[in-house]
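Both complexes below contain chain A, partnered by chain B and then by chain C.
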Partner chain A sequence: MKRIFVDYKKCLACKACETACAVRHHPSGSLVGALGDRRTEIDVRVLGIEHESFPLACRHCDPADCLSACPSGALARDPETGAVVVNPDLCKACAMCASVCTFDAISFKETHRARHGREVAHKCDLCTERLKQGERPACVAACPSGALVFGELEQNRTQRAARSLRTYLLGEEGLPPLLEAYRELRRKEFAARRGEKG
Partner chain B sequence: MRVVTVGTGMAAAEFVERLRLEGFDGEIAMVGDEDFPPYSPCVIPFYLAGEPLETVFWKGRDFYERYRVTPLLGDPVTEVDRERRLVRTRDGRSERYDRLFLAPGARNRFPEPQWTTVAGVFGFKTLSDMMAIGEYVSREKCSEAVVYGGGFIGVDAALALMKLGLSVTIVHRNTRLLSQMTDEEGGAFATRKLVEKTGMVVRLRTRVEGITAGAGRLTGVNLTDGTRLETTLLIVAVGVDPNSELLDGLESGIPCDDGMLADPDIFTAGDVARTRHAVDGAPGIYANAPNAVAQAYVAARQLVRGEGSYAGSLNSTVLRKHIDFPVISMGRFDGEALTWQRGDVWRRVYLRDGRINGYIIIGDTRMSGYLHQLYVSRQLAEREIRDLLSSPRHDGYYRRALGLAPA
Partner chain C sequence: MDEGRCRELKTRSADPAAVEMLGVADREGFATIWDRYEKQQPQCSYGQLGTCCRICSMGPCRIDPFGEGPDRGVCGATADTMVARNLARMAAVGSSSHSDHGRKVALLLKAVASGRNRDYRITDEDKLRAVAGRLAIPTEGRTADEIAVDVADAAIGCFGKQDEEPLVFAEKYMPKKRFELLKGLEEKLFEATGAKMGFLPRGIDREAVDILHRTHFGCDHDPLSLVAQSVRCSLSDGWGGSLIATEIQDILLGTPKIREVKANLGVLEEESVNVVVHGHEPVLSAKVVEMARLPEMQRAAEAAGARRVNVVGMCCTGNEVLLRQGVGMAGNEAHSELAVMTGAVDAMVVDVQCIYPALADLCSCYHTRFITTSEQAKIPGALHIQFDEHNADAIAMRIVRTAIEAFPNRNKARVFIPRHTATAMVGFTVEEILKALGGTPQPLIDLIVNGTIKGVAGIVGCNNVKVQQDRFHRGLTEELIRRDILVIGTGCWAVAAAKAGLMDQSAREKAGPGLQAVCGQLGIPPVLHMGSCVDCSRMLNLAGGIADHLGVDISALPLVGSAPEWTTEKAVAIGTYFVGSGIPVHLWPLPPILGGPEVTKILTQDARDVLGGWFFVEEDPAATADQMEKIIMERRAALGI
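Take a look at the complex of A and B:
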């Protein structure tokens, strides 16, 4: 099964992922339609934490606590992609799922898919429809810096373990020089904001 | 092998589904007192509030056909005969079992049994209740209601009726609404905000002493503080009793082992099962949907493979119905209390030995999942918890993951 991986050190906080997600999940399929629409659904959120940024979205855990907590049959696992998906027709916005999600990846809003004139849960659906057409998730396709990667779960785990060992032994971050320079700038900027000397 | 379930609720439906998914090919019969496919008790108030009936059948209307079940409905089980391995029903039917899944749920408690004979007095527990209430409200053109009991079910009922357009008064004997799932201060905060946000009237520290009727229909209620409220609709939500007396007359739940067995041939689960708390081990009935589902899974696995054990129950409660104002609670409210409040959001964590002993989160779901994980995993949390609670961006989990100090 493929998943979205986050290499947060490469994240530029440009929010291209958020924009692409909004467009992808908007009935108009266009940026013009999604802009300024209160019902626009955005299922990835770039979290700014000091000088770091982290594109936060559902991890599609397996087993998933949210799935076992849902009392209305609204959450299900897509058999083909393994994604945890919401059926807004069944969702009662009761927050049982959100109350057990460590990643804070489930939000409530009256989206365009809401049928009963009230809020429903919304979260990343791993762009299951795109995947079935052989495409990558919209956020991954839009990410300009390689912070979001779509790949096989097991293979990525192994690669990451090997890479972090190399980082540990050789002190290599493995980031392109331009990204290193950008991160350094951001570190200094945030240190200055805290009143420290860069 | 013939499997019989007593009850067609959440636990029984999950059990049956799991049995079939685990490859069980034997005969299954489900015996229930109502005449419906399995429905979700969490969803039924939304049906009363005007949403489609279809959505209450969270596993589909075709549940019995899909899982090859013989439904025996509208006739409650009144006796379990362990010797002969059969259950007897009110209408005199008897059903033989090889394995019994005993999950008959709980029933609404009425302070006076004769209240139920008066039109306009209802419990708020079953789909039949919801249908009867909905029918009564439209027939009698009710514009107001009194809800007696301000716990989870009472508040749930009040919010559904308000959604339906009625004005609602909750009568509650305690000092605050949701008194079981909150502490004094948290409950007072939630009560104040619920009143502000919905306009419901809340009368605390008082009880319904008696009801009055005319021509067989409710006309009003008298409270212990001397007040009289004129109303044609009374919802009674002062508590529930487990239907556990089916097994040896047990009144306070059915004890079971970690394989959910109450007897070598009888599994139990849901609102009748006495289990231990996953964190502190205290025995009790922990009636909520995730526990019922987990118990049903264990029972099904035990039956098919003879393996698996229940990890214990969590006493979590999440109330978020019709309005964007969640109240979430977990664990025990004792230890060192750390509190944070801003606007509509109120958070409190109880610490004991550096670990989370309980928490109450009101007004916002964010951060509740991370607290849940810290609580269940028993991680030391005292160093970061204060900053975590007050973190305006709710990014505690990600700070820890990225190795950054709390804000």
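Take a look at the complex of A and C:
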């Protein structure tokens, strides 16, 4: 099953993923349409954890705690892509799904898909429509630094492992040296802000 | 407040007055720069690496720093081109801000000298004659007005002249060896590359416009050429715009003298009308101070139930009036919101630069009148009282009256002024330093030669929310004086040092034995306040004076610079003109250059060989002081001392 993998050291917090997600899930399909529209759905959020940043979205677990916890059948698994998707018409906004979600990846608000002006659950749908057309999720396609990768777990794991091992076994460089320096100095900056010695 | 939160607030500022005020902010639910900074997390690394280009509408473009994605913008620009262009634009903006400030005072001097302005006068004729002498303007048998017209014309000419010759101010003030080096460098680079690159500034406006032109879509893409022009533009600030601002302000408002003042929020007075002057240009704020001291304003204040009108300074406007008129210094940049939260500020009067627009909303939560005055700095939500040099007295009076009228609306129950102040001895202009030394830099040179003082460090600039307020300023300053390195400086650093008591005579106890003895002998603190951020020109001037006295270049002298909490584009210009003048400069936080390996190499390594000044980055104050001391010792060794 294909999933979105996060190579967090490559996340530069540009938030292109957030913008792409908003545009993809907006009825206008355009940035201009989504701007300033409070009902715009953004299902990935780049969180800053000290000097690191991490684009957080639904991991589409299987089995998924949210899916088991939902009393109204609003959450379902898309058989083709394996994505956990919301049917806003059935959602009672009880927040059981959000309560049990390990990654806090489910939010509530009145989205464009919500009827009757209700707040409903919204979360990453893995861009199932795009996947069915052979495209990658919008956030992955928008990521300029390769922090978001869409692929088979095994293939991705092997690739990453091989890359890391080149560093360990062959002494090949990992990150470019100035980028290593940048990361290190940023780490020190945040440590100093906490009142700790870098 | 619970203990955890208290600890957290202490990580925001090293100044106990600020920590107390942040408690008030918490209680009242006010957002400050620190809260807004948290909300901005995480901040985009493309911006921090300098590899985001928004120059044309084919973009924005970004370079993948991991080397897997795009390595060129749409037009083909490399990461180094982007970084160099962005940096050049920062230098141009910084230089323009200082220089435009200088332009206004030059025009004012002309107006005063030609009798078109009667609100100001030539206050320091000695300085006028000294500046004229420096510029080779005849003074014998001429009136002050006649000389001043020529000085003003010389200054005004530096902004708009169109020939290829260096600015007259740069030529006459820059030490000979530096001037020759830069001139020779232009020739050498032409021989080596066949391409023209210049370092000596031709016109102040021109050098900034040149950068705007060459960074336009499809012009200069060569990192070295872009950096060279950034240096030239910055030199047009340090040896041009800022220098003109300093020199002419001294002529018009008086050259600062050594005096003692109080610094920190405790200078606000519970029973008085408090006016905070904040920004950079003293032309207005000096008038506000003057008008506030008039008997009729005193009467008006008393009629409103106040003891007096207490004008206090903030940021560099504060530095200017503190040096010349001895007003109290409320704080540096990061203090601006905190001052309002004392509930005791009746008016905050601002001119240009470094004014948070957030102050408008904050002031509306109090009785505080937030008054903007400059055509170039209007802020929604503020009361705009347009300043005009030709009607300065009346406008300053209206501003003071507005503050007095606000005083009765003050909610006394809400007033909380943290009881923190420190005494600071300030006003160490080049003139005052030379006077203290007996008219020549020789005694200072002797002290350096015999090792009593190892060298001199110039520290400048800013608070930055990414650094615990004043922590780096205090830490680095203390580390340096402990190593017998004399510390001089300006701007928000100077305010930080003053608040920390480092400009008090008692601070000499924190200095090493050599510096301690010198301070005792001369009756000075080990940390010298040289002025506002345009007054970094005073530091250049001092360095230049010593260099000329010894017949060497500035780059041979045991001098170092630092901007340890830098924020603004002005700091980029200052750092760059220090480097261009032959002084190594420490920076923290990170400048947005690491995305461009070649630019990083030029600024941190190549510049060392070519200009004798270079940049280095370090987060830890003690480690920074180590590096600065090492540079000083290397330079001493090279001089054979």
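To be clear about the criterion, the second predicted complex is superposed on the first by the 164 of 198 C-alpha atoms of A that agree within 3 Å, B and C clash if a C-alpha of one lies under 4 Å from a C-alpha of the other, contacts with A are read in each partner's own complex, and residues count from 1 in each chain.
By our rule, a residue touches a chain if its C-beta (ideal position, glycine included) is under 8 Å from a C-beta of that chain, and two chains touch if they have at least 3 such contacts.
Only a predicted model underlies this, so the values are computations on that prediction, with no experimental measurement involved.
Novice: Thinking of the overlay built on chain A, is A:G73 touched by chain B (first), by chain C (second), by both, or by neither?
Specialist: After superposing on A, A:G73 lies in contact with chain B but is clear of chain C.
Novice: After superposition on the shared chain, which partner residues are touched by A:A22: those of chain B (first), chain C (second), both, or neither?
Specialist: Neither partner.
Novice: Between chain B and chain C, whom does A:L47 touch in the aligned arrangement: first, second, both, or neither?
Specialist: both
Novice: Does the superposition put A:V85 against chain B (first), chain C (second), both, or neither?
Specialist: neither
Novice: So, A:L12: does it touch chain B (first), chain C (second), both, or neither?
Specialist: second
Novice: With both complexes overlaid on chain A, does A:R186 touch chain B (first), chain C (second), both or neither?
Specialist: second
Novice: In the superposed arrangement, which partner chain does A:G146 touch: chain B (first), chain C (second), both, or neither?
Specialist: After superposition on chain A, A:G146 lies in contact with chain C alone.
Novice: Output check: A:F108 vs chain B and chain C. Expected answer is one of first, second, both, neither. What do you get?
Specialist: Touch status of A:F108: first partner only.
Novice: Considering only touches as defined above, state whether A:V120 meets chain B (first), chain C (second), both or neither.
Specialist: Neither partner.
Novice: Find the residues of chain A that appear in the contact set with chain B and again in the contact set with chain C.
Specialist: 47-48, 52
Novice: Enumerate the contact residues on chain B facing chain A in the complex.
Specialist: Interface residues on chain B, with respect to chain A: 10, 40-43, 46, 51, 55, 58-59, 289-290, 293-294, 316, 318, 320-322, 324, 326, 328, 365-370, 372-373, 393-395, 397-399, 402, 404.
Novice: Contact residues on chain A for chain C in the complex?
Specialist: 10, 12-15, 46-48, 52-53, 144-146, 175-176, 178-179, 181-182, 185-186, 188-189, 192-195, 197-198
Novice: Touching chain A in the complex: which residues of chain C?
Specialist: It is residues 7, 10-11, 41-46, 48-49, 62, 64-70, 466-468, 471, 589-590, 594-595, 597, 600, 617, 619-620 of chain C that touch chain A.
Novice: Would you mind writing out the residues of chain A in touch with chain B in their complex?
Specialist: Residues 8, 47-50, 52, 54, 56, 68-69, 71-73, 89-90, 92-96, 98-104, 106, 108, 116, 118-119 of chain A touch chain B in their complex.
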